[in-house]
Amino acid sequence: MDQNIPQVIQTVPLQYYVFFATALFSIGVVGVLTRRNAIIIFMCVELMLNAVNVLLTAFSAYRADPNGQIFVFFIMAVAAAEVAVGLAIIVMIYRNLQNTDVNLLNRLKF
Amino acid sequence: MLLAVPTNYQPSDFLPIIVQFVLAIAFVAFAMVVSHLVGPRRKSVVKDEAFECGIESVGNARTPISVKYFLTAILFVLFDVEVIFMYPWAVNFRALGQTGFIEMIVFLALLMAGFTYVIKKGVLRWNEA
Amino acid sequence: MIELPALGWQSIVIFVVFAVSLLIATYCTYAERVIAAFLQDRVGPDRAGPYGLAQPLADAVKMFTKEEFFPGGANKALFVFGPCLAMITALMSSAVIPFGNNLTFGNNAFFLQGIEVNIGMLWIFGVVSLGVYGVMIGGWASNNKFSLLGAVRAASQNISYELAMGMALIAVLMMSGTLSLREITLQQSVAGEWHFWNIVKQPLGFIIFCVCAFAETNRTPFDLPECETELVGGYHTEYSSMKLGLYLFAEYVNIFVVSAVMSVLYFGGFNFPFQYELRDWFVNSQGWELTSAQNLITILGTLGLFAKIFGFIFFFMWIRWTLPRFRYDQLMRLGWTILIPLAVINILITGGLILFGVIQ
Amino acid sequence: MNSIILLSVLGLGNLFLGFLRSNRLLLPAAMLMLALVFGINLIDWNEGAQSYFNNMLVIDNFSVAFTGVVILTTFLLIPFSQKFVRDGEANLAEYYSLLLFSLVGAVMMVAYNHLLILFVGIETLSIAMYVLAGSDKRNLRSNEAALKYFLMGSFTTGILLFGIALVYGATGTFQLSDISFAVQNPINDSLQPMLYIGMLLMLVGMGFKVSAAPFHFWTPDVYEGTPTFFAAFMSTVVKAAGFAAFLKLMVQVFPAASAQGVWLPTLTAMCALTLLLGNVGAVAQTSVKRMLAYSSVSHAGYLLIGLVAFNGQLEGASANAIFFYSLAYSVATVAAFGVLKLVADQRQREDYNGLNGLAKTNPLLAFVMTVAMLSLAGIPLTGGFFGKFFIFSAAVENGYIGLVVFAVVMSMVSIYYYLRPIIAMYMRETDVTTDEPILVSSFQSAALFVLALLTVVLGVLPGLISGIL
Amino acid sequence: MLTVILLLWPVAAALLLHFFKGGAARVAAFGAALVELVLAVYAALTFNVNHTGQFSFNHEWIASAGINFHVGMDGLSLLLVLLTTFLVPIILLAAYRRKIENESVFYALVLFMETGLVGVFTAQDAFLFYFMWEVALIPIYFLAGVWGGENRAKVTFKFFLYTIVGSLFMLAAFVYLYFQTGPAASGLATHNSDIASFYNLNLSVQEQSWLFWLIFAAFAVKMPIFPFHTWQPDTYTESPAPATMLLSGIMLKMGIYGCMRWLLPVVPSGVSQWQNLVLILAIIGIIYGAIIAIRQQDVKRLIAYSSLSHVGLMAAGVFSLTQIGLQGASIQMLAHGINVVGMFFIADAIERRTGTRTIADLGGLTRQAPVLTVCFLVLLLGTVALPLTNGFVGEFLLLAGVYEYNAWMGAVAGVTIILAAVYLLRMFQRVMLGPDSSFTATFTDLTGAELAVLVPLIVLVFWIGLFPNMFLHLSEGSVMNILNEVVKR
């Protein structure tokens, strides 16, 4: 529809977005793998999702293709549903355990 | 392209927001710093206690609260996201025309079905549990 | 990069808007007392300055010089951060409101608006929603059960009413087809038809929005978070000095912003009745230049907008002293089971009317 | 498409049925709904590919077949929820509805033609399962299972999404055929690494979802903690749908030789590792439920062989093999979990000794469990044998002899742990905790009988469905 | 079509057996087995020795894979079908009066197994053959495992694992061979698994060499050939008598039959390459089995080891690749089936009366039970291969075959007869003769029902011994065909 937009956006190189998103994503992954508090892990997961959102939006804008942004909408909606369920689970555990440290949850062994 | 994007906006249109942000922070910081410098400081153990109408406070204040609040919060998250979905639709309402409207009716019907379910399930019955 | 002159002008506007909103917020405290006194047939503040007009300043001085108090067991950083956040979010939202049409000087046209973005409505909505964090953080950090309960109540209430508010907005958006507040305002002006305001087409939407606006700003009858009979001071029980001041201040700034938004969305913003006729009269009968006439109209429009805003602020205060407070479950039930379905019905009606060509 | 709409609507309807005073109606209602959907689903059979939503969703024989599998599995599983009905479980309607909703996700996963639908399908399925995993609210183990499943699941989703995003960045589309075209005709060579990384991340994401090693470690914990009824659902429907989606992804998106060169070795290694860890892990277990969890990991390994050996189109031998295997495996697993649930509900134990003397007290249960175990072990006369057989043939046909040999060796290992329940049931004596007969309603008996029958029919007359895709 | 009926009837009967309880089930099962026998005899009577592949039935089974339900009988198959259908009623009769829990299930399993066995002997499609091979395994596993002795769990597990692992190798080989074949007749699939296609494959010597071991593994375990035999004595001992009889009387023969039908003609070069080794293993088995048997204290174990020894000889005969050796194997399968079933039956009869199987605890049965002694002696002599008994014909032909292949081997294998005489007669002497022991004081002679089991066996011992040509004649054509296939390539 409008060829102008991508050009405006391209003043920031695509790589920057990719690097930024990858960095965010990596922070999220590292957080998930190293942190022991369920809420923090959960937030790291959200960080990963947001990294994806950034990346998709960037690609979408660069290609003047709305699909990527629509995808972002769906990710947000689904993430909301995930948040709902996830928080419910964490609240449930907290009420049983008074704690959200996943290390305490070792009744099921690896 | 599904979303109508006005053409005459530039990313740089958003720059003044920074200006306002700086102003807001400056004001708040000013207020905090001045009151910190001007106000007297007299600490005492009794004064530092939590104010609970003169009754001695018992236990930790960070106690679990009614789960209804969490439910409200979780429901808000879900419904709010659905509302967000409606923004692009609303903006493009005329372009999408009748089909768009019918689709949105379906969407709203589903949303309201969930809504009715939630209400019937007793989310708002505050005097229970 | 952006050209400096544009930013310069906008900075000025932002600065002015900022100052005005602070000023209005300040005098809201005065207005509140005066109106309260008037409604209750008693004397309001009348000692500081003529008619007590310096009262807000005195209050400010008092706030600054009070002792800064940190309750034991509070999380200090968050305790400070809470009011700051509340204030910052309140102040951030005003700049996108179009306070007036453009002023033309020579070849340069200036918008009487701090920031003109295509997503103005989303911006306001997003920033205002952040305000609840300020309340929540402050209440939690106080380490006081009353505070916590007040904060939780505030949060629940805010988010509940935000839903209905958002849905009420959808109906406006369906008609306007844009998220830009300026566009929305301009659409409400058609030569010769002052009743082209959205309130005519969206009465139900306005009522919903208005009720929600009360709840969002924690005003009576929705001031449960700070209802002194149950929770002492609610989330700001433990606050003193300027931190308390920021909370109170933020509330009034929010009232101002919400009033402005209501004016813009439903009451034509800076449009006023017979503005085109007036302009034409100046041009045709008085022989003014078109730009000068236009500038005059713009200024009058701005004043009109402020008049509307003041009207709403007065409305807020009037309601405060008229209606009793809700019980909490009543409040939540009103939000969820009445306003949300009403908003949905409003969306459907609006959609149907637009599709059948009843409203444009 | 019909099945998606129908499942959603019925799921919603079921939710409201929960407001009835008695929940006795729910079970038959749910079964009726599933039967209805199953029938409606079959209408699309051999109708050719029908696409919906701008070609984002394609209903063809492949999707109809796998939809059939997941719905049938659920249908057969549902009778075992009778205990919930008996106990007056408060949230029964929600459980059924969540199952129906997750089936919506499963159907989307098997019918997607656009990565968005894949994502939404996976999440619809997963989110419902997170809830169900934690449905035993007072039980800490269930809580933990839910938390682990949830954290791992959303983590995986993140990885999968990042992969999708990178692939989108490299190809500019989410449409499967377009991606495939772009992979074969790269516009820009500098984007190839991004494409491959994205592809591998998607592989990892899907690997997590179908619990392939080394991303399987959550499986045993989650399955063990999850209430048995839902664990059965997880290890059947979720797995079947996951593999259908996985297969479709690999077959339709990355058949290009250059891409294959990257993912095929990875997948092969994953496959071998899954087989090894799944089978060896299962050997060490003392709890039947954990054993079944590990067994489900190992079966993911077998299914991965089918994936490795895919031959380029959804109608090929490996698609057929995966279809047959999924069905046979699902039926047998449902039977195993069903018996286990009945036993564990009454005897309050899930270890092998809990099954002691079952042949004496409940011959039918023992028989069904035996059939299930033999089928899982891949002994002839049961569907499991032909499932493995088809998978292995597909692999041999495509030259993966080494992999097949390894898989065969591993399935020998598996015999060890699959025979243990049989030994316990038939050759061990009852003790105090196990000498009471398990109470089984005639309804459940009928379901068990049907499961056993189906397994045997698949094992005797595999030709009925072996080549239908 | 007759073959299909032979296959389906026992299954149908097994399913119907569920509606009978207790004694009625026993009678019904026996009746069903008799009907099966009649059908088999009818088949034998209408069998034309000059044609191969009679009573055949060929129908698509798994069309997409080119696998057909192809069954049919030639002389060799018929011989073994006859053996099966004859022994099953005998075994059912042998279980008469035994106290068995869940009788209907027990008998149903036996009948079910009969289907598997008949299927193995008549399958003309590789996958059908494998399928039936396993179908025969499952019931026997449960028969031995559920109704067996103290150690049954461990022992049957070992048995199951051995056989299934062996057969998986075979399956692997079949899959490989399958992919070498041409399109199926129906044209739906690119390959087929018909026995004829397998016979006509062009395989390199190297391929055949390893394929040989894959296929041989299954048969070697089943027979069992020497190093694969460790499951056998335990299983025989722990299983209940009917299961032991099924195992030793019929299941053993699956291995031998498999070698003849599915190994020699399919990978002839592989066979000739490894022939020597297999023969050596077989002969080691003969000697080993015999020597261990001598040392045995347990009657059942002794018979088990003797069976091992005899199977070794049969395998040696088969792998001599001579017509006479193969013919010997065919007839010896029959003979051994009859003898070993009889022996185990008698061992079981003694155990039931005395409660012990230990040779040292027994003695002096002759006086209390003369009829039993006579029956025992006849079967024993048949096993020892005394002329005029069935064992003689088989062992003679087998030894001749091995001798023809290699004189030294023949000579060593011949020792089996001497050793068999040593351990069997020694057992006879200790058990039947000598002074009474505390266990045997109140020994009673055979009942009518037991006699009904033994008489047909004894009749056959002599019948085969006296008129071996009746049976040799049946299998001759098949053996020639097999050898032709071997020579052809």
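Letters A, B, C, D and E mark the chains in the order given here, with residues in each chain numbered from 1 onward.
By definition in this document, a residue touches a chain if its C-beta (ideal position, glycine included) is under 8 Å from a C-beta of that chain, and two chains touch if they have at least 3 such contacts.
Please read these numbers as outputs of a predicted model, since none were measured by experiment.
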_Starting from the defined contact criterion, work out which chains touch subunit B and subunit D both, please._
A
_Contact-linked chain groups that survive once subunit B is dropped from view_ = A, D, E | C
*Of the chains present, which has its C-alpha mean closest to the combined C-alpha mean?*
D
_Per Cα centroids, the chain farthest from subunit B_ = E
*Per the contact rule at the top, check every chain pair and give me the one with the most C-beta pairs in contact.*
B-C
_So, comparing C-alpha centroids, which chain is the farthest one from subunit A?_
E
*Between subunit E and subunit C, distance of the C-alpha-averaged centres to the nearest whole Å*: 95
*Computed distance of Cα centres, subunit D from subunit A, in Å*: 27
*Centroid spacing, where centroids are CA-atom means, of subunit C and subunit D in whole angstrom*: 54
*Compute the distance, rounded to whole Å, between the mean C-alpha positions of subunit B and subunit E.*
80
*Tell me, which residues of subunit B touch at least two other chains?*
4, 73, 80, 84
*asked:* Give me the residue numbers in subunit E that touch at least two other chains, ranges are fine.
replied: none
_By the touch rule stated above, which residues of subunit C touch at least two different other chains?_
none
*What are the touching chain pairs in this one?*
A-B, A-D, B-C, B-D, D-E
*Could you pull out which subunit B residues touch subunit D in their complex?*
110, 113-114, 116-117, 120
*Quick one: which bits of subunit D touch subunit E in the complex? Just the residue numbers, please.*
317, 320, 359, 363, 374, 379-381, 385-386, 389-390, 392-393, 396-397, 401, 404-405, 408, 411-412, 415-416, 419, 422-423, 426-428, 461-463, 466-467
*Note which residues of subunit D are touching subunit B in the complex, please.*
8, 12, 15-16, 19
*Over in the complex, which subunit D residues touch subunit A? Could you list them?*
115-116, 119-120, 123, 127, 130-131, 134, 137-138, 140-141, 143-148, 150-151, 154-155, 157-159, 161-162, 164-166, 168-169, 172-174, 194, 217, 220-222, 224-225
_Using the touch definition from the top, list the residues of subunit B that touch subunit C in their complex._
4, 6, 9, 12-17, 19-21, 23-25, 27-28, 31-32, 34-36, 38-42, 45, 47-53, 57, 61-63, 65, 69, 72-73, 76, 79-80, 83-84, 86-87, 90-94, 97-98, 101, 104-105, 108, 111-112, 115, 119, 123-127
